[in-house]
Every structure is written in C-alpha cells, then in structure tokens.
Amino acid sequence: MGMKFKVELTKKAMAQIIKAVAANIERISPEQTLKLIDMLVEAKKTGKKILVLGAGRSGLVGRAFAMRLMHLNFNVHVVGETVTPAVGRDDILFAISGSGTTTLVVTAARIAKRVGAKVVAITSHPRSPLGKCADHIMVVYGRTKLAERRDYFSRQILGVHEPLAPLGTVFEIAAAIFLDALIVELMHRLGISEEEMKSRHATIEPP
Amino acid sequence: MGMKFKVELTKKAMAQIIKAVAANIERISPEQTLKLIDMLVEAKKTGKKILVLGAGRSGLVGRAFAMRLMHLNFNVHVVGETVTPAVGRDDILFAISGSGTTTLVVTAARIAKRVGAKVVAITSHPRSPLGKCADHIMVVYGRTKLAERRDYFSRQILGVHEPLAPLGTVFEIAAAIFLDALIVELMHRLGISEEEMKSRHATIEPP
Amino acid sequence: MGMKFKVELTKKAMAQIIKAVAANIERISPEQTLKLIDMLVEAKKTGKKILVLGAGRSGLVGRAFAMRLMHLNFNVHVVGETVTPAVGRDDILFAISGSGTTTLVVTAARIAKRVGAKVVAITSHPRSPLGKCADHIMVVYGRTKLAERRDYFSRQILGVHEPLAPLGTVFEIAAAIFLDALIVELMHRLGISEEEMKSRHATIEPP
Amino acid sequence: MGMKFKVELTKKAMAQIIKAVAANIERISPEQTLKLIDMLVEAKKTGKKILVLGAGRSGLVGRAFAMRLMHLNFNVHVVGETVTPAVGRDDILFAISGSGTTTLVVTAARIAKRVGAKVVAITSHPRSPLGKCADHIMVVYGRTKLAERRDYFSRQILGVHEPLAPLGTVFEIAAAIFLDALIVELMHRLGISEEEMKSRHATIEPP
C-alpha cells in the first residue's frame, strides 16, 4: 500500500496520457485521413519514394511508421539515414512536427517543395510554417491550453504545478497510434497480411 | 458518410490499440515499477551510466525514453550510437524486447552482465532468455493470445482475419506510455521542472 | 617556427597514417578484389540485397561505402537502420571488422549464413571467427606488430611510447580508401557516370 | 595477369586517392591547426560541449572523429543523435562540409552562432556560407580544378572521362586522416594513453 502510493504518480500519468491521447484521436478528421491514405496507396502503386522527416521524438515516431511502411514493401526512406536517396519530383516528404516550427524540418520541407515533391505535414498547428508549405495537412492534436490549466498533478516542483504529460508527449503518442492505425488500413487496402509483413521484419534474426 | 466509412478501419484500429494498451497498463506491477524508479534515481545520484538497448521499433521506444532521461540530465546513452562509451561495472543496461528473444539484444545483455552491469529487461515474457539474464524484470504486456482470437476485424486478407494491431504494436505503445509516465515520476522525485527539461531539449533550434 | 613545432606531431601522425595505409594497400590481393567486384556486379544485376554491417568506426566505413553503392543504384541497406529489411537467401552481408572478433558482428554474420546469405568479410584476420564464417574474405591489413615496435613517437605518456595511429586507425582508413577505389571500378563496370551518381546524392538540398 | 588487369582500375584509383590526399595534407595550415587544437584542449579542460555536425559522408567523418573524442573523454555529441543536448553559449559546433554550402549544415551553424556557440568549419572553401559564419576555419582541400582536368582514367563512360576519386572522396579521406592525426596530438597534450582510450572503446563487447 505504502508501495503503491509511491508509484501513484506513474499511474496517474499513464491514465492522463491515455485520456488526452484518446480525446485527441477522436478529433482526427476523416477527410484528412482519407486523403492521406489515398496519397500513400498511390505512392505504393507508382513506386514513388516516401521520405520521412522529423526532429527529436517526432523523428522517432516517423521512423516507427517508416519501419512499418517497409514491412508493407513501400519505397520508403528516413531523411538523414545512410542510404536515403535524393528527394525528387512527386516523391512524398512526410514531415512530423507538433509545433510545425522546427527549423530544420521546415527548411527541409521547403527544399523538397522546390524540387516538386509533395509535402505531407503531421502537425497540431495547420497555420504553422510547416503547415503553410504542406500539400496535405494532417492535424493531430497535442497538449491543449485547457490541459495546461487543468490536468496538473497537485504536488509542485519549485512552486510550480508540473504536467502529467510533459513537453510533446501527448502529440507524440497520439501521432504514433494514429500512424499505427493507418498501417492497418493500408494492410487491408493493399491486401498484405501480417504474415507477409513479418517476413520482412527481423533484420538479422535466426529463422 | 461514404467518406467516413472508408476510414472506419483506421478508427477501429485506433480504438483497439487504445483499449488493449489501457488494459495492459492496468496490469503493470507497482512493485516492479517502484524498484525500477529506485534504480534510476540511484543511477542519477551516483552518476552511473544508463545504456539503452533495443532492436527495431522497441529500439525506437528506448530512444524516446533515453531522450527524456537526457532532458532530466541523466548520464544516458543509446547502444549503437556514435559516442556511447563502453558498458562498465554497475552501469544499467536498459534492454527492451517484447518477446525477450531478440538475438542481438540477448547477446548484448549477457555481455553486459559479464562485466558487472545491471540488466533491466522491459519485456512481456519474464521467462524469456532476456528475462532470465535480467537483474530486474519489468513486465509490460503486449498482444495476448486472447486478443489474437477475439480482436480481429471482420474483413479478411487472403482468407485470414488480420489483427487491428499487427506485430508488436500493443507492446510498443504500452511501453512508450509506461516509460513516459516514469519520466513524470522522476521529474517529481528529482525536483526537475518541465522548464528545465525544455532548456536541454532542442538540439539546434533558435532561442 | 615555434608554432610549427607545436603541431609537428599532427604532421608526423598524418605522414605515418598515409605511409602505413599506402603499404597495406599494396598488399591487397587482386584475386580477392576481383572476386569481390564480381559478387557486387552480380548483386547489382540480379537486384539482390546487400546489407552492410560493422561496429564502431568500422561501421562508419561501411556506411560510407553503402552511401556510394546507393549512388550507383544498388539495393543496399545498413544493418541497424530504420528501413533495413530482413536478410534473405543469396543476399550479401558485407561485414567489416579489423580484428574479425567483434561479438555482435560475428553473431549477425552467423545468423545471416544460416538463412542462406553470402557473407563477405573485410578483415585483417582471415582466421578470425568472422573470417571462418565468410563466403569471401577480403583481407585489408591494419597496424602490424612491426609497426607496434617501430613507428612510435619519441615522447611518452605515463612512461610508454604511444602510437602515431592509435587503435584501428590504419585498418579503417585503408578499408575506406580500398572501398572508394572499388566504387570507381564499379562505375566503369556498370557504365555509371559521376553525374548520374550526383543526381542520387544530396538528400534534401536545393536543386 | 589477365586477372590483375581486370582490377587495374581499383589499384589506380587507390594510388590516385592516396596521392591527392597526401598532397592536400601538405597544404594544411599549421596556424589553423594550432588554433583548432587549442580550442579543443580548452573545451576539454572547461568541460564545454562539442557538437559534431555534417551531412552525408562528411557526417560520417565527423562521427569517426566524435568517437575518438569520446575515447579521450571529451564532452562530445553528434547533432541528430538521440541524447544530444541543446547547443549553448561557448559550446563548439564542429561543422564539416567540403563545399561549405550544405543547406542544413549552414542553417544549423547559423542557429548555433545565434545562441553564442563557437563554430569551427572544416571546409575546402573558406569564403563559402559555412566559412563566413565560422569563428575558426580549418581548410582541408578536396578535389582541385587541376585534378578535374588531369587525373582522369582513359576509359570513358558515355563519352566522358570519369574521375578516379568521384564526388567528395578526396576531401572526405583527407579530413578523416587530418582529424585522426589531431587525435594523436590531443593524446599527447592531454596525457591520455592508447590503453586508456581502449577502455572506453568497445560498447558491448566481452572483457
């Protein structure tokens, strides 16, 4: 019991993350989702490259998505990795940034647009610099202002109430779950089974 | 409406992931959690290194956690990255593998144990090879056998019902949320504010 | 002059690295080289995957080579990066390890062999564990015992003469130059111009 | 003999790379080198961070250098890796770009300058955008215009003479050897033996 109390905060934080993420996922636009799926299916069919881009933890969310697209046999690459080829006309640059202001992401997105690539922005802020240069904006909400006032734990650090989901946590988890759900939609659209995905999965593992 | 129907599967998959993850998080052991937090706080206080290890998407979950530990000013490294030093006596090897059988992860964990490091395993399978060589096992459940029978979408691919959360998805998202919640617990235990974390956050971004 | 003296050691070290590397490159076997080129050309023509593997600085040498193979439009991947697919039958695992004993590299090479991939070892030690499981050994020498006795700077650290090319430096630079020369041979064999390579080169750079 | 002829081009390319690199290394300025060593020694003594930055193969050269600085116990990080903290006042941003025009490198260097970091540019072009925003320029030459006219192999691809050291090869190898020689100078300046470096070396290898 004493023990349980000591990890009470971990439990509250898990509940708060789940709650905030579930609420944000409710707000995801079916229209934006449908257009995104159509773009991805089209890229698969034409063999056009998808380049995934993001900084920090958004970049990790992007990589997790890229790995699944590889399992689905997409022509997918991660910007900044070794064998990623040049972005070209009609390629898709899939850029992830909650704020939509990450300098290097915005810079790269603008360059991609200039060579004729299509920019998809996964962001909470459609009017951000990233949103403004995107061909398709997919809004995934993160921590809201409301959350900043309400959803705080009562204990304080240095006299300030601290959040139960610091920094970009809510956006990152919401984007991860949304993109994992897209993978399921793509499996069905493309007729690819989990078994087939598995065969491309383990890099260097025994048979 | 027709449009909504076309992305119905994405919505079902999101709901299923959230549901499965929420259920698994309920089952997380407070005792195991408390011991893990104590180990991490101890590592912070003594300045001992934490080396994070994982393959594939589990490796990405590990990196997301490592990034937050860096924001909390831990001496943390990711195995396989450029400036990661040798593992040493009393360091913590933080290994993530749902199955607990990933060959390279198990091999690395055994080597770490031989030099006197403490191995923490984040896994669904405490009796796996990884679990067996761990000093502390933190069980995070993934997709259950029950889920494999029930939680399938009715449409079929090649005559087989396919899951709404393929491969390691449930384990990966559950582990990500659990580790993000640990960060909140660590913030409070160590008296570190979100503002302070933010100051270590953006790598190369304008002030 | 006083200034020049202060960086005299840098100049001596550069001269020593160049000298040792030039000598080692002389000893590279034309027979081994020819077989390696034939394997790579064959992989290009059949579209079989090449997976590049190495730890530490050998891994970086491998990545530099993988990047150029990508410029030549090979189906090439780096083990451990995000979108690297599973190794399969008849794929080439291109493993780099001066000592041929790096545990994780040897473990991965053995797994690759078990699924029917061909292992190419770039190593100084053909009788090492890596060499023993290789289908083709390409010997590139590193620092020799002779060098360890002779080519040391006269100043001492803690009473010991220290080398002008510490640790794996000579092997790494020799391997890098050898692999860059292979690229030239491949350009001519495959009829690919520098201009064509350049077009695949810059990832996200303006046109 | 027939066999030797078939790899003649590989031998010519190795000789040409060595020759061009040796010539460029001769031209390295002792004054620039001395200032760079002083900056690095100062960073080591004050514990200030060094952040290494580069795109493509220049980035790999930077990582190889960063790994050695870690062996020398520097506070060193690679921009873009997981646990790299924010750049701050008086940190050193160590940027590598042969052309000095790589957009993302120049963008990052300008941001680093704005927060008060010192920018070191390793480049062939001191008047490039990167050179212009650098606090210290360390010139390492790459392929010269002269080389572009003379040092070409006689066989042609698509009617054009192709180089024996394509794209940035000469710059990259020259920079790698120069930075490896700096490591030797730093070992002696800081009194760190090869043995001590070795103890930080292997990440997850048996003792």
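Read from first to last, the chains carry the letters A, B, C and D; within each, the first residue is number 1.
One rule holds in what follows: a residue touches a chain if its C-beta (ideal position, glycine included) is under 8 Å from a C-beta of that chain, and two chains touch if they have at least 3 such contacts.
This is a predicted model, so every value here is computed, not measured.
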| item | value |
| --- | --- |
| Same vs different contact residues, chain A with chain B, by half of numbers used | same |
| Between B-D and C-D, the pair with more C-beta contacts | C-D |
| Separation of chain A from chain D, taking each centre as the mean of its C-alpha atoms, in whole Å | 34 |
| Chain C and chain D, separation of their C-alpha mean positions in angstrom | 17 |
| Rounded Å distance between chain B and chain D, as computed from the means of their C-alpha atoms | 35 |
| Residues within chain D bordering two or more other chains | 63, 67, 80, 103-104, 108, 111, 201-206 |
| Complex contact set, residues of chain A against chain D | 80, 103-104, 107-108, 111 |
| Complex contact set, residues of chain D against chain B | 51, 53, 63, 66-67, 69-70, 76-87, 108, 111-112, 114-115, 199-207 |
| Residues of chain B that touch chain A when the two form their complex | 3-4, 6-7, 9-11, 13-14, 17-18, 21-22, 25, 28, 30-31, 33-34, 37, 55-57, 60, 63-64, 67-68, 71, 102-104, 153, 155, 157-158, 160, 162-167, 169, 172-173, 176-178, 180-185, 187-188, 191-195, 197-198, 201-206 |
